Amino acid sequence: MIDKTVATCSEAVAKVFDGATIMVGGFGSPGIPSMLVEALRKQGAKNLVVISNNAGSDDWGLGGLIQDGRVRKLVASFPNSPGADAFKDLYMKGEIELELVPQGTLIERIRAGGAGIGGFYTPTGVGTELAAGKETRVINGREQVLESPLYADFTLIKAYRGDRLGNLTYRLAMRNFNPIMATAADVVIAEVDELVPVGTLGLEEIHTPGIFVDAVVKVERHPRLFEPQRARRAKK
Amino acid sequence: MIDKTVATCSEAVAKVFDGATIMVGGFGSPGIPSMLVEALRKQGAKNLVVISNNAGSDDWGLGGLIQDGRVRKLVASFPNSPGADAFKDLYMKGEIELELVPQGTLIERIRAGGAGIGGFYTPTGVGTELAAGKETRVINGREQVLESPLYADFTLIKAYRGDRLGNLTYRLAMRNFNPIMATAADVVIAEVDELVPVGTLGLEEIHTPGIFVDAVVKVERHPRLFEPQRARRAKK
Amino acid sequence: MTLTREGVAYRVACDLPEGSYVNLGVGIPTLIPTFLPAEKEIFVHSENGILGVGPYAEPGAEDPDLVNATKEYITLLKGASVFDHALSFTMIRGGHITHSVIGAMEVAANGDLANWRVPGEKVPGVGGAMDLAFGIHNLYVAMTHVNNKGAPKILNKCTFPLTAPRCVRRIYTDIALIEITPDGLVLREVAPGLDAKAVQAKTEAPLRVADDCRDMDVPAEFHGIRLRA
Amino acid sequence: MTLTREGVAYRVACDLPEGSYVNLGVGIPTLIPTFLPAEKEIFVHSENGILGVGPYAEPGAEDPDLVNATKEYITLLKGASVFDHALSFTMIRGGHITHSVIGAMEVAANGDLANWRVPGEKVPGVGGAMDLAFGIHNLYVAMTHVNNKGAPKILNKCTFPLTAPRCVRRIYTDIALIEITPDGLVLREVAPGLDAKAVQAKTEAPLRVADDCRDMDVPAEFHGIRLRA
């Protein structure tokens, strides 16, 4: 019997090696695999290349990993969000490398990595700093830039429910980068809020089929994930 | 109030013009928009370019449209399936053009058309007849061929349930090409088995968000769609 | 008389047609939903995979799994759907989103947009700004007419790094509605009590005054919200 | 003694490891599921967007919306999922499917595969054959060793149009199991009662006999199905 469940996050991230490339899902707090990232902080691998839309928040999760000096390079679209102080500090000191990618190009490059696409042309970025030096060509009268696929050694994602086969579903806005990142790494590790028996997830509603997933860990949510106070401030 | 429902298939396909490019969803019988294609046969537009995985069956649906001499060119991966006699006859007489595309490249080209991608590189086909004359380049040590996006004037798809906003869900294997083709045409028309009130379809389970859909028609299924006799023969 | 930030949002909201699919950026655009008339069905898209964004969540009723692109807790309208980032950016980059309203630091007379980076800014970030600017046909800017030093933001040529060239169609500000045409800027509307000359004085690029140029139709207030300053 | 078509399918089934994700082509590969031991969890993929294909549907119990890539009515196993064609071919072209077993008209000593088109054939069709051949690492061919005229199908060089160059890893036939290595063909197993010489006689390309070459472990029958001819 196939059983992809793993008892602890530490066990799940045990094989991450120095210099590994790691995708981390999530956008805002929904869908962030915080417990896996915290386990990775404890695990100790360094010199990491992280692919993630944001640079984390404060001193926990990805923000903490960066603060610990464990990330050599970040590939992201919006690393300067409020709270991403660890990244900002290191970046200003020249101690972390940044590859800044438009968000749509970022997800498309990850999808290309997962789908066996060698590269693609997109108009996004042509004539701007972010396409400087990149190969372009005119297609149907529009200049487009050639973008390359992204692929990782490990992908850390968060889902809502999962089963022992690795089938996953996401609640509401948890989905974001997670199902696409799940296609684009050698080892894909998912933390889930609930582990359910095989057959529980509706076959038309499985967002990430188990084929893409190597390990599933049930977690309690990180207490910092939900911060309605901030939401209330934002509304003012 | 937005209401994308249309009373009849004839009304839905009324604006198809001579020379139009038309995508037709479906794989096998699941997800084939037979009633829309039948309405298109009656509607009369000719010189059509059809993008569809198969060439239809016998003398109804897409097979009938081809038999009626209305299709100038077919873009397909498997136009020679059993029953595609209309296509085979015309092709042998040199009266219909064929652009044969590997199935994975076909869906990827359609997705590119819908996603604003100008072109992409894939290894599929390199060194074979189907990539002959196409531009290639070596990426990460592997030769890849440049493929172009596909985009249509009209897309005809079939879904299981739909609402007045154009939100759609598919049952089982009905999904296939349909949700991707729904992103890649100026006008997207869906026939559905059931029309349901807005809010009925679960927001995490909507496979085609209404943004992609222009018209929804409730139909009774074409009687030829389900042919278990053939299935039984196939099992022998 | 000028419009408040809410007044600018109100004016944009009036122009969004029923059935439009709209992505709203940070800044003034986030104020627009308040002014969308309930009887007009308009679908707000959030780049993190949501179509059918509703009002902000009530305090205490926030769902931890439901935020918009600005990471604010929101609700969904009936008929909403959620999806992954790839499909979300298919909507943007494939041109399916009918309207995008974004903030800007500079707009040039030819439609060039600069809204992602101030030169010398310490840590850059782009998010979905470029995807929107390259992907959406009806790209509208909603912003204050001048910057916080009083200098024009509508220029002959952008000085900041571009988000995208020749992409902006219309500019809604606290004093004017300007359309960007192949022949340059056309002044369509001015804030009540101002005239074309006053707008030109705060605009570096030359404005052509439309034959039917008129006052912006924005009331003094709307359900207790001040629209004119 | 040779294997029946079912015997070849049986032999392939023995080599598919638990947890594998397998795409099965038309011809002999469609017979494989019958021989997958129930205690081994193996996930059969169908290119039309299904993972977890189960047995054929019982007559009268067919679901009109559920067919496999060969358009036969099927059932699904517990834990199965359905998805669109783009994700289905992400699984294939991204190399996520661990094994593909396909039929072939010709295989060359260097792993070249020809299985999509006979030259001079009237109407061509390719389906997903090329995507599989280019995308899947463990590409196995299951076929009869010779064609219906008795001529070898394992050749020095393919004469039919290629599906993909250098893609086949193993060939399972009614008389042998042959591995394709950078140094050419290696004969790993022969049908019971035959020897390497007999296999070479029906193979155009030269075979190197593995040191541990042995008889194919295929019983005479399995649950009443004849496996040896």
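Brief remarks on what is shown
Think of it as A, B, C and D in the order they're written, each chain with its own count starting at 1.
Just so it is clear, contacts are C-beta pairs under 8 Å (C-beta built on N, C-alpha and C of every residue); 3 or more make two chains touch, one makes a residue touch a chain.
Keep in mind that what you see is a predicted model, and the values were worked out from it rather than measured.
C-beta contact counts were set side by side for B-D and A-D; B-D has more. Distance from the centre of subunit B peaks at C, each centre being the average of the chain's Cα atoms. Rounded to whole angstrom units, the spacing between the C-alpha centres of subunit C and subunit D is 57.
Measuring from the averaged C-alpha position of subunit A to that of subunit C gives a distance of 29 Å. Rounded to a whole number, the gap between the C-alpha centres of subunit A and subunit D is 36 angstrom. Along subunit A, residues 108, 111, 115-117, 122-123, 171-172, 175, 203-204, 207 each make contact with two or more other chains. Multi-chain contact residues of subunit C (touching two or more other chains): 76, 82-83, 86, 89, 93, 135.
Inter-chain contacts, as defined above, occur between A-B, A-C, A-D, B-C, B-D. Interface residues of subunit D facing subunit B in the complex, by the touch rule stated above, are 46-50, 56-57, 59-60, 62-67, 70-73, 76, 82-86, 88-89, 92-93, 117, 122-131, 134-135, 161-165.
Within the complex formed with subunit A, the subunit B residues making contact are 108, 112, 115-123, 139-140, 142, 144, 148, 169-172, 175, 202-205, 207. Contacts from subunit C toward subunit B in the complex involve residues 18-19, 21, 41, 43, 45, 51-52, 76, 78-83, 86-87, 89-91, 93-97, 135. Taken together, the subunit A residues at the contact with subunit C in this complex read 27-31, 76-81, 84, 87-88, 91-92, 98, 100-105, 107-108, 111, 122-130, 160, 171-180, 207, 221, 225-226, 228, 230-232, 234-235. Considering their complex, residues 1-2, 111, 113-117, 163, 165, 167, 183-184, 198-199, 203-204, 206, 209-212 of subunit B touch subunit C.
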